[in-house]
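Pasting in a structure now, in structure tokens, and then I'll have a few things to ask.
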Amino acid sequence: MYAFEFEKPTSLSEAVTALQTEEALPLGGGQTLIPSLKQRLAAPSKLVSLRGVDEIRGICRDDAGRICIGGGTTHAEVAAGVPEYPALAALAANIGDPAVRNRGTIGGSLANNDPSACYPAAALASGATIVTNTREIAADDYFEGMFMTALEEGEIITEVRFPVPEVAHYEKFEQPASRFALVGVFVAKFADGVRVAVTGASEEGVFRWSEAEAALASNFSPDAVQGLSVPAEGMIGDLHGSPEYRAHLVGVMTRRAVAAAR
Amino acid sequence: MTKVSMTVNGEAAEGEAEGRTLLVEFLREELGLTGTHVGCDTSQCGACVVHVDGKAVKACTIFALEAEGAEVRTIEGMANPDGSLTVVQQAFQDHHGLQCGFCTPGMVMSAAALLEENPRPSEAEIRDYLEGNICRCTGYHNIVKAVLAASGQDADRIAAE
Amino acid sequence: MPKDHGIGAASKRREDVRFLTGTGNYTDDINLPRQLYVHFLRSDIAHGEIRHIDTSDAEGMPGVKRVFTGKDFEGVGGLPCGWQVTDKHGQPMQEPAHPVIAQGKVRHVGEILAAVVADSRERARDAAEAIEFDIAELPAVVDMKAALADDAPKVHDDLDGNLCYDWGFVEENRAKVDAAIREAAHVTTLELVNNRLVANPMEPRVAVGDYSRADDQSTLYTTSQNPHVIRLLMGAFVLGIPEHKLRVVAPDVGGGFGSKIFHYAEEAFCTFAARQLGRPVKWTSTRSEAFMSDAHGRDHVTKIELALDAENNFTAIRTETHANMGAYLSTFAPSVPTWLHGTLMAGNYRTPNIYVNVKAVFTNTVPVDAYRGAGRPEATFQLERVIDKAARELGVDPIALRRQNFVTEFPYATPVAVEYDTGDYNATMDKLEEIADIEGFEARRRESEAKGKLRGLGVNAYIEACGIAPSNLVGQLGARAGLYDAATVRVNATGSISVMVGAHSHGQGHETSFPQVISEMLGIGEDQVEIVHGDTSKIPFGMGTYGSRSLAVCGSAMVRATEKVVAKAKKIAAHLLEAAEADIELRDGKFTVAGTDKEVAWGDVTLAAYVPHNYPLEDIEPGLEETAFYDPANFTYPAGAYACEVEVDPETGKVTIERFAAADDFGNVINPMIVDGQVHGGIAQGIGQALLENCAYDETGQLVSASYMDYAMPRADDVPFYAVDHSCQTPCTHNPLGVKGCGEAGAIGSPPTIVNAVIDALHSGGHKVGHIDMPLTPARVWAAMQD
């Protein structure tokens, strides 16, 4: 690792100020950032740990019935803390491994927007709102491609607000080595429609599969998406699967997610 | 260098760390607690698992300065006060749940964390929980048996089914 | 009643206590006063000409003591190769120089370009980034067949092409084999890849070099399976340090699986730099470095043909294999595809005509050498896959086809130069059918089908050769070392025993199992015996632990030394008991005079040896310590039969292992608990090879699977409980313990079993798939189902 300063503020405003230093980076759970620092893939002047900022941790409900999860909330805390949204709890309970889940945070995951991460699929399929220290961003406007988001430099995810669907499920097919999603599909059925978000598959990062959404809106059953497929073009191809394989898995995982939704 | 202090295995521990000093480096190099091992650099193998404030974490993926003021428990702090092995440790020996011993500290720390959360895990729950601890020697058979046994279950019978 | 101590007892491992309490002593736990750290700058291109390296900026960086480049090693020897193979024309293999630090060219990603020694790890790495270098990239050769084309880029400019050797075995068989294949009623042909693997012991390699000017002593602490071999190779061939001035210590070693046999550049560097700088120099490999600097394993591409007569008797086997050597010859690399592979091509079967051809090829990849099984898994895989394919083509039961062709009479001389001393392959197959519940398979298949899954059963047999020997034979085959082992049994005055052994446990539990043997022989408690290993300054000599040799070879040396101890102790006892030596018996820790009630305790005899007041000084010397070197008469031949049941998800191609059973014949067993554990671990590595692990390069020589993010290691939820059995025991006929070795069997027997099972599952779903190359990832299995 390159040398850097370390700061651990205890309030959001201190954290925001600390991040104004040139080349400063926020440190959430560090489960992705620290390994990339070890490879010297980043050279921050300063890391600002958000771990001490209590105001961005924890889970509550707003008046609209949304689940509001602080950006600094760990995967383990989400897994245990959202019983009314079992699909989201199950997703959180299957990210990485227990030790990773005890450190990694929802804000960190969404800010990083790894194309194979699970949370982006949940946020996009739920129509979540990403709240930062300066604004609210709809999930549909937040994800801008692999490792790219609408976040400005120094902007911190303080909260993520999840509307709770009638039924939902996340089906993940794991890449055998990293255990990230080779393809993960989150299906959420709301009173006014169905949202289907796909992670792991596309070179553009997480995306909504609108054809499937339309088909499921009128008939929420695996049969409704049986004949549908996404084009292989634009899918990731690597050691673990060709674009064709990933495109195929999108269909399989979608059907399975619909079948398992509750 | 910054001064950092924490409680390690019930005793106050103090030392110096840079921002980039990992907790595992602090434990091994500053405190001389070499029981916690490093087996990879991508946060996957779990040889470095310790407990921080009662939770299993990978000591290679947390900075020493993040553990300021924390309660840290390492493999060196796992035995009973009289030095005898605890139930989990003893089960690993009884069931030959270790060979080269390198992954063992992390494996024991994860197993102990599991049993804290789930005192009677099924075989599948054990295998799932240990997903982040890689062992190259045992093929996991005897590790899973050891955890079953440590939770008071009939490991031999379950393994034979 | 199971025994509670001695041979055959499941004694709990004494080494566990330190490993379970964090008090083991691994090489990285060693830190010496005034220690410096080295960071190796490694090539990130596969093939290039080094035009220029400028270290001046780096040398001025904070904390930097010195920067070394290839120039500093111009007068230093290269890393030696320990085995010279002679090709089919009688010519020696091509053997390139193997520098400690690259000179003139880099030949694989990960090769050391420069070494920065500084007062901290991070500062050394900071400075390495300040080294300026200019490397003109050359086209890389990665594919073996492409590497042999006339116009292929040459890995080594001074060699004649990229062919290391073209080996024919047995060359005299060739015409007969060709004729038998021409005349066969049926010939089954299979082309397959034995995938490149990375051994991945959980402890990465570490080296700490130290030097004492006062007595001109060098010490190397290293993660080695065989410290004496390192001392010999590094001292004699690389650095020119005589043995008495060089100590090599391998303390607790966190797994090896072959990868810690070899002498590596980093070991030589740390020893060399410590002398140059007069301070200890330490290197700790990261896992990322390990992927590009530990020797890799396997990487064979093979075409095999199996000929059968009209009654389905095997009549001939012909194979053609390309074996990847990587960019340089690692320590024992040339022996793996030849003497450890060709000699096993008969498997468990009576096949009168066998011919094996192996072309070893240089490529711009990390050197390849022995990995758990080393050559034997490659032989078993192709043979057991082609037999399975033949059974399917002929419509016969795969178990029956195997049984029909099993060797049943021993000793059996194969057409590939080895003689199996003993075995009972039908017995292990019988046992397998029982523990795998083969009868119940069809019912389980129906259950799987009801869940929408395809279920398959795979079965195979295997044989391996362990304890490679004898030395005079292996010398003729090209080994540049002997393959004996040594032990010193030092009986202390109070009767406790220290045994200095040349084997070096890195997970095998020698500290527990070796005392079981001595306890059995002397009738004293296992806790009275301590094993000392891993330090050249304490042990007479030793060739180390690999090839499932420790008990068969070093254990035999220990038995011989103990027999000498007993012989001498009997003389002392005879004197003390005033009886004839011939009448003295040793039982339960007491010497008795046959037919009388006169006795003297073990401890009284040992005390007399060191306090020789009442002692036959005119006949024997005081003291009680004996050394034996043991050079085996033959290999040992463990064998067995394995079965696996898989489920395949027809929609995703994902394979899950539902059941796995192994019936092995290891001869006599000292500690069944440890033997079970060895088999479990081997099976998991075989599952890894069959389903998960793939060390992949792209066409430019970049390592694609360079971390655990892309190299899939078997994890707890990838594997089931295994049913293992080793109750079929045909003792080895030529070593005193009747043991054969068990460390590699699991990794040898399991890959073909699993692939056979997957192919069977796919056929049950109507997919007429002939073969899928390992690893059988979901993507590959799915793709095979689309064809």
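Labels A, B and C are assigned to the chains in the order they are written; within every chain, residues are numbered from 1.
Rule of thumb we're sticking to: a contact is a pair of C-beta atoms (placed from the backbone, for glycine too) under 8 Å apart; a residue touches a chain by one contact, two chains touch by 3 or more.
It should be emphasised that the depicted structure is a prediction, and the values quoted were computed from it without experimental measurement.
Trainee: If every chain is a node and every touching pair an edge, decide which shape results: line, ring, star, complete or other.
Mentor: Complete.
Trainee: For the interfaces A-B and A-C, which has the higher count of C-beta pairs in contact?
Mentor: Most contacts of the two pairs: A-B.
Trainee: So, what's the distance in Å between the C-alpha centres of chain B and chain A?
Mentor: About 28 Å separates the centre of chain A from that of chain B.
Trainee: So what's the Cα centroid distance for chain A and chain C, whole Å?
Mentor: 43
Trainee: Taking each residue of chain B in turn, which ones touch at least two of the other chains?
Mentor: 20, 41-42, 44, 131, 133
Trainee: Going by the touch rule set out above, which residues of chain A reach two or more other chains?
Mentor: Answer for chain A, listing residues that touch two or more other chains: 1-3, 38-39, 178.
Trainee: What positions in chain C touch 2 or more of the other chains?
Mentor: Correct list: 122, 286, 288, 708-709, 713.
Trainee: Which chain A residues qualify as touching chain B in the complex?
Mentor: It is residues 1-6, 8, 27, 30-31, 34-35, 37-39, 46-47, 49, 51, 76, 96-100, 102-103, 178-179 of chain A that touch chain B.
Trainee: Which residues of chain C touch chain B in their complex?
Mentor: By the definition above, chain C touches chain B via 12-13, 15-24, 26, 28-29, 31, 122, 200-204, 252-255, 257, 286-288, 506-509, 673-674, 676-677, 680-685, 687, 707-709, 713-717, 719, 721-723, 746.
Trainee: Which bits of chain C are touching chain A when the two form their complex?
Mentor: 122, 125-126, 129, 286, 288, 651-652, 654, 691-692, 694, 696, 704-705, 708-713, 777-779, 782-783
Trainee: Quick one: in the complex, what on chain B touches chain C?
Mentor: It is residues 20, 28-29, 33-42, 44-45, 47, 74-76, 78-79, 85, 89, 92-94, 96, 98-105, 108, 123-124, 126-128, 130-131, 133-144, 158-160 of chain B that touch chain C.
Trainee: Given the complex with chain A, which residues does chain B contribute to the contact?
Mentor: Contact set of chain B toward chain A: 2, 18-20, 22, 41-44, 46, 49, 55-58, 60-63, 65-66, 68, 110, 113-114, 129, 131-133.
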